[in-house]
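Attaching a single structure in structure tokens format; questions to follow.
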Amino acid sequence: MTAATNLRQVPLLRRYLTFTWITLGLAAVILVLSAFNSPSLLVNTLVSGGMWAMMAGGLALVFGVMNIPNFAHGELFMLGSLTASLVYGPIRELTLSSKSDVLKWLGPFPGILVACAVGFVAGIILEGSVFRQLRKRSRESWVMNTFLLTAGVSVIMQNTDMLVFGNFPRGISRYWDFKPINILGVTLAVDRLMVFVIAMVVIAAFALFLQKTRTGRAMRAVSMDETGAQMAGISLNGVYRLTLGLSSALAALAGASLLWLLPATPTVGQAPLLVAWYVVILAGLGNVQGAIIGGFLVAMIQQFTAYYVSLDWVDVVPTAFIILVLLFKPSGLFGSEVKGVWEQ
Amino acid sequence: MTFKGQDITKLPPHLISQLGIGYVSESLNLFPAMSIYENLLVGAHTVKDKAKVKSQMDLVFELFPRLLERRDQLAGTMSGGERKMLAIGRGMMPAPTLMLVDEPSLGLAPIPTLATFDALKQLSARGTTILLVEQNVNTTLRIVDRAYVLEQGAVALEGTGEQLLHDSHVQEAYLGV
Amino acid sequence: MSIGIRRSLTLAAALALMVSACSGSATPAPTAVAPTVGPSTGASAAPTAAATQEIKIGISGPFTGGNALTGTEIKNAVTMAFDAVNWTVGNYHITPVYIDDQSDPAKGAAAYEQAIVSQKIIAGVSGWHSSVAVAQMEITAKYKVPHFFALGAADTINEKWASDKAKYGYWTSKGWPVPDKLVVGYVETLNNAVAAGDFKPTTKNVALFGEDTDWGRTVVKALKSQLAATGWTATDEDYFGQAQTDFTGVIARYKNHDVAVIAGTTTFPDSLSAFIKQIDDAGLKSVVVADGLGWLGDWYKLTGSSSDYVIDQIPGWTTDAAKKFATDYQAKFGAMPSPSAAGLSYDYANFFIKILQTALADSGDLTSASIYKVAQDKLWTGQLKYTAGIIMPSYDYAADSLPDMVVGSGHFTFPVIQYHGGEGTVIWPGDIAKGKFELKP
Amino acid sequence: MATQTAPAPITRARVISSSRRTLITAILLGLLAIALPFIPPFTGQDYQRYLVVAALVAAEAVAFDFTGGYIDIVNFGFAAFVGLGAYTSALLAVDLGITPWIGMFLGAIVSGFLGLLTGMLTLRLRGIYAAVMAWFIGLALMGLARNLVDVTRGMLGLNVPRLLETSDNLPYYYIILAMLFLTLIVLSLIIRSRFGLAFRAIGQNVQAARASGINPTRFLVINFTVSCAFAGLFGGFYAHYYGILTPDVMAMVHTIEVLTVAYIGGRGSLWGAAIIAFPLTIGVELMRTSLANLPGLHLIFYGVLLMLVMIYQPGGLAGLLRRAGAWLDSRKPTQVKAEA
């Protein structure tokens, strides 16, 4: 019933004069103005924002549909990174030596795609062997219990990786070894641009999937009302499996496509995980659409802190900003009474 | 408990629905942030045939023209009567052979209640068996074919709606005549 | 009830798993050791000439956690050195006890105490973090067990050492001098290049960066004061945590400040390689001093051509012995070792073996006391030095340098090198320079 | 007839006996903890150091459980409050020469005060948001400790004077053990008072608690403040025991360490966490040293144990023992009947 009042049509003006929209509007204005000072701020915000959005989107999806605060999301990033380095290693020599530009462009994709697939399978295994076991027994204190489970998964995966593959970073200098290109007077490495393109394509596909496909609708339905979804003949276990698979695939994809920036090590997922958490808390837990916008917002705060203040404070400032936002909007910028993974 | 000769006691809920049993719960369990159209589409989750989805949707809109008017409105923003219509409409989407409806009059004003019962009656006329659980005895008994009175968990009386409406025990205990 | 029992059984099974995992090699209960008992450990039996005796030596480092890569290199290098002497000194057979500090002072201290009390090590060697060293100094002082050549560099160690030499002298020696003594190479390189006309900066602005650890902070502090003394201005100063890889915002600021030099240090390979690549991508022409790039054996795989013209300070695998070590290491452990972690640790382990041999020759037995005596009488006075190393010409200590070694040409010195295509050319000091400072075109 | 009147006396007897059993068990365990350093292998200095660490973790887990297990707000920033107390006490000792014995309590007051503010902020939030808010406040605190190098020396580490002249671990063990007992007694008394009832009511259902006349705001803030103050106290002990302090003490891993102990011990019991901390901490340390050739393996075991407990025994040790107690009680009446 609160849902009804919350969603009841409000006048257009009031709708856009909310805290959320004022914040976003201000952010956009600041971003555009600062671009006159240093255009790289705008460009880099967009580029890093894409990466964070991809990472945070998966995290938000799992919380939105399954109510799991996944602290092992970073280890799935690590898995993607590791897979890509193992697959791409042998291919790299081949493509670098070839004369064909097409091969050079396509070379990195097998590694990235395999990583994505491995992530998907890992997610499905994780759901079946861990969360499903807990769900069968008890759903009491679900959020905290699953948090601890994911913390356990994280510890196990990190240390297994260390025992099996060792500590040394498996990295590459570049995926796409071409001359940096110039945008708005900012020189941008092709790798960076490509990751942005991948992120945008994946996010768009993901959004379409959630909104337009039968399965995507089923996911959203489960996130809003599990009983209702079951009544409509949706298999909860099936949706859960797919949710964790997709989210893990996104994390692994992010890890694989950032291999040139973050070499695969057992702890490589920790930093992206922290940023993804910044994003989902800022945006409102379990809200994929919010997480995507939030990814850009956090990227912007980080870029501005690094530029105007100092790198030392690059983690503190977003934290302070989020604390501030939570004071005014206790459930995040896009949080609302209505739960749904995509809907704001 | 069996349905068409199959034991359904231990089946998971989503498989029961796939057997052709629809269910409209008393709390409706709609998807508040989805539009009416999307709610109906999710209702047809188990239906693979697109033409069939289309025809079922047309049927829902025919029974509840009001839903058609508000096709793109979010379910969370609708009035109580409209929500009830949507819940029944969603239950109809897979074209179930049996539909269980739990307390459809709950929390509704008399006029929407009548409209809801009217829709159920039409639905039943089109060949869907409807199992209704209701406390609103007077209205219910006027539209049903068969009725059972449960008292303390056991069937106390059964008969056609007409019979029970004139039964003295029912009149005394439930209709206050 | 049956579910309850099944659950309890699972819990019990899990506990059993845990217990059995440690019981296998858990040390037998030690006899009570009074806390202030001195060098009693291991000294109980009088040495008999022929019979082989067992002693235990602690090998310390961060073997797990964020710096496990460095820790593993240290461990492997020390192991190789002891392998070469078959883990024997005279009639003593040496068993290693690996002390994992997990990059945490508290855990490092606990692990060290455990190694002394339960495992009964009589001396220790190697190490990485300065903060861990400070905590472990308390332990070595408490049990009077000498420790040698840990690579922690920060001056907090020197301060503590100087505060009570009799007590903290059991942390006998540092394996790395305070950064002030080393960064002088960079400052001189830059100033010489300006003087010679090879480097004509439009500004005297310097951007400093460092990892946010005791190491990074100390190096940047040293760089800052020495550069300021020679007319440079530090316009930017940034510290970053582990796994920081996005430096684009910082680099945009550098661009606006028109910095002539970007100088700093980190041991995080992903951070440093990302930084160098991003500086290159942004098209900055500043001179880049990236101290620590060569610490990671395989760094060139990460930076590619972006590392061209970058300046670093690292000994290379120059001698034949050094190259052989690097090849052997790679064959054995599958990765390129770094000269600073693996190479130095290898030399120091050999030096340590030499100290053990000296102690045995001088006192007739190997105990904490006899080993410590060698440190006091021969190591600190400069009598005992190690000149057969693969990295440095000579490792030696002097009364006025303690606990650091003697730093300078012919002793412990880090040449400044400039990279081209993944290979370093020595450009400082002048007497061993193989090339000249070159500006990025 | 006899069977109908029988239940009443038996229930009373059961209540008395079970509470007496609890008391006796508590005293026995307390005595065991006191005697432990004289039982091999705990006679060694290294094992005594493990005991200190275990007792410290136990005390922290008890303070953590006071919030997490009762008002159901999980303080992800717990380690930061420990660190705040540690830095307060350490800086007072280093800069002003105030003795650690006073500094520790001043640290507790400062941590408690920040806990009060945090409590007031997190009140508006629900569940995981409150937890994450506390986490972020902790992160911000850690960032300050790292970056205010002039005050805290940041990652360079602060050399802190130790609590006692001696470097013997035994006296430290008894100090922290006394702190643990004190914490257990004080917090249990609070839980047994009308506060405890209110905490539980709020933890289970804020709305219902409010409806029955409890002002959740006040109780939540009180609870958070008390828990954080104790955290600060233990932080002081940490600083003056190890003699070196870096901002890493505030890291999330330490919160997870404490949280794991509290959860495996059993939420909402206080004593469960206190008991399990000893075997768990010491077991992990032993495993780490004995598996030193395969670094990280002990953490894998730890992770597996944590997951098994969360899936199969979410009530932790306390839940297990409660069931065992109930089982014992359920046997009693039959014995009574048999005798009769």
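Read from first to last, the chains carry the letters A, B, C and D; within each, the first residue is number 1.
Going forward, a contact is a pair of C-beta atoms (placed from the backbone, for glycine too) under 8 Å apart; a residue touches a chain by one contact, two chains touch by 3 or more.
Because the structure is predicted, anything quoted here is derived from the model rather than measured.
C-D versus A-D: which has more C-beta pairs touching?
More C-beta contacts join the chains of C-D.
If you average the Cα atoms of chain A and of chain D to get two centres, how far apart are those centres in Å?
34
Suppose each chain is reduced to the average of its Cα coordinates; what separation in Å results between chain B and chain C?
75
What whole-number Å value describes the gap between the mean CA coordinates of chain C and chain D?
Result: the chain centres lie 37 Å from each other.
With chain centres defined as C-alpha means, what is the inter-centre distance between chain B and chain D in Å?
53
Residue numbers in chain C touching 2 or more other chains?
Chain C, residues with two or more chain partners: 64, 68, 212, 239, 241.
In chain A, what residues contact two or more other chains?
159, 162, 312, 315
Which residues of chain B are in contact with two or more other chains?
none
Considering every pair of chains, which are in touch?
Pairwise, the chains that meet the contact rule are A-B, A-C, A-D, C-D.
In the complex of these two chains, what residues of chain A are touching chain C?
These residues of chain A touch chain C: 37-38, 40-41, 44, 48, 159, 162, 166-169, 171-174, 177, 180, 186-189, 192, 260-263, 265-268, 270-271, 302-308, 310-312, 314-315.
Quick one: in the complex, what on chain A touches chain B?
3-4, 6-9, 214, 217-218, 220-221, 224-225, 227-236, 338-340, 343
Along chain D, where are the residues that touch chain A in the complex?
68, 74, 121, 124-129, 132-133, 136-137, 139-140, 143-144, 146-147, 256, 259-260, 263, 267, 294-297, 299-300, 302-304, 306-307, 310-312, 314
So in the complex, which bits of chain D are touching chain C?
40-41, 43-47, 49-50, 53, 146-147, 149, 154-157, 159, 166-170, 238, 242-244, 246, 248, 279, 283, 285-293, 295-299, 301-302, 304-305, 308-309, 312-313, 320, 323, 327
Under the touch definition given earlier, write down the residues of chain C that touch chain D in their complex.
Within the complex, chain C contacts chain D at residues 1, 4, 6-8, 10-11, 13-15, 17-19, 21-22, 24-27, 29-33, 35-36, 63-64, 68, 97-98, 100, 104-106, 109-111, 113-119, 130-131, 134-135, 138, 141-142, 154, 156, 159-160, 212-214, 216-218, 239, 241.
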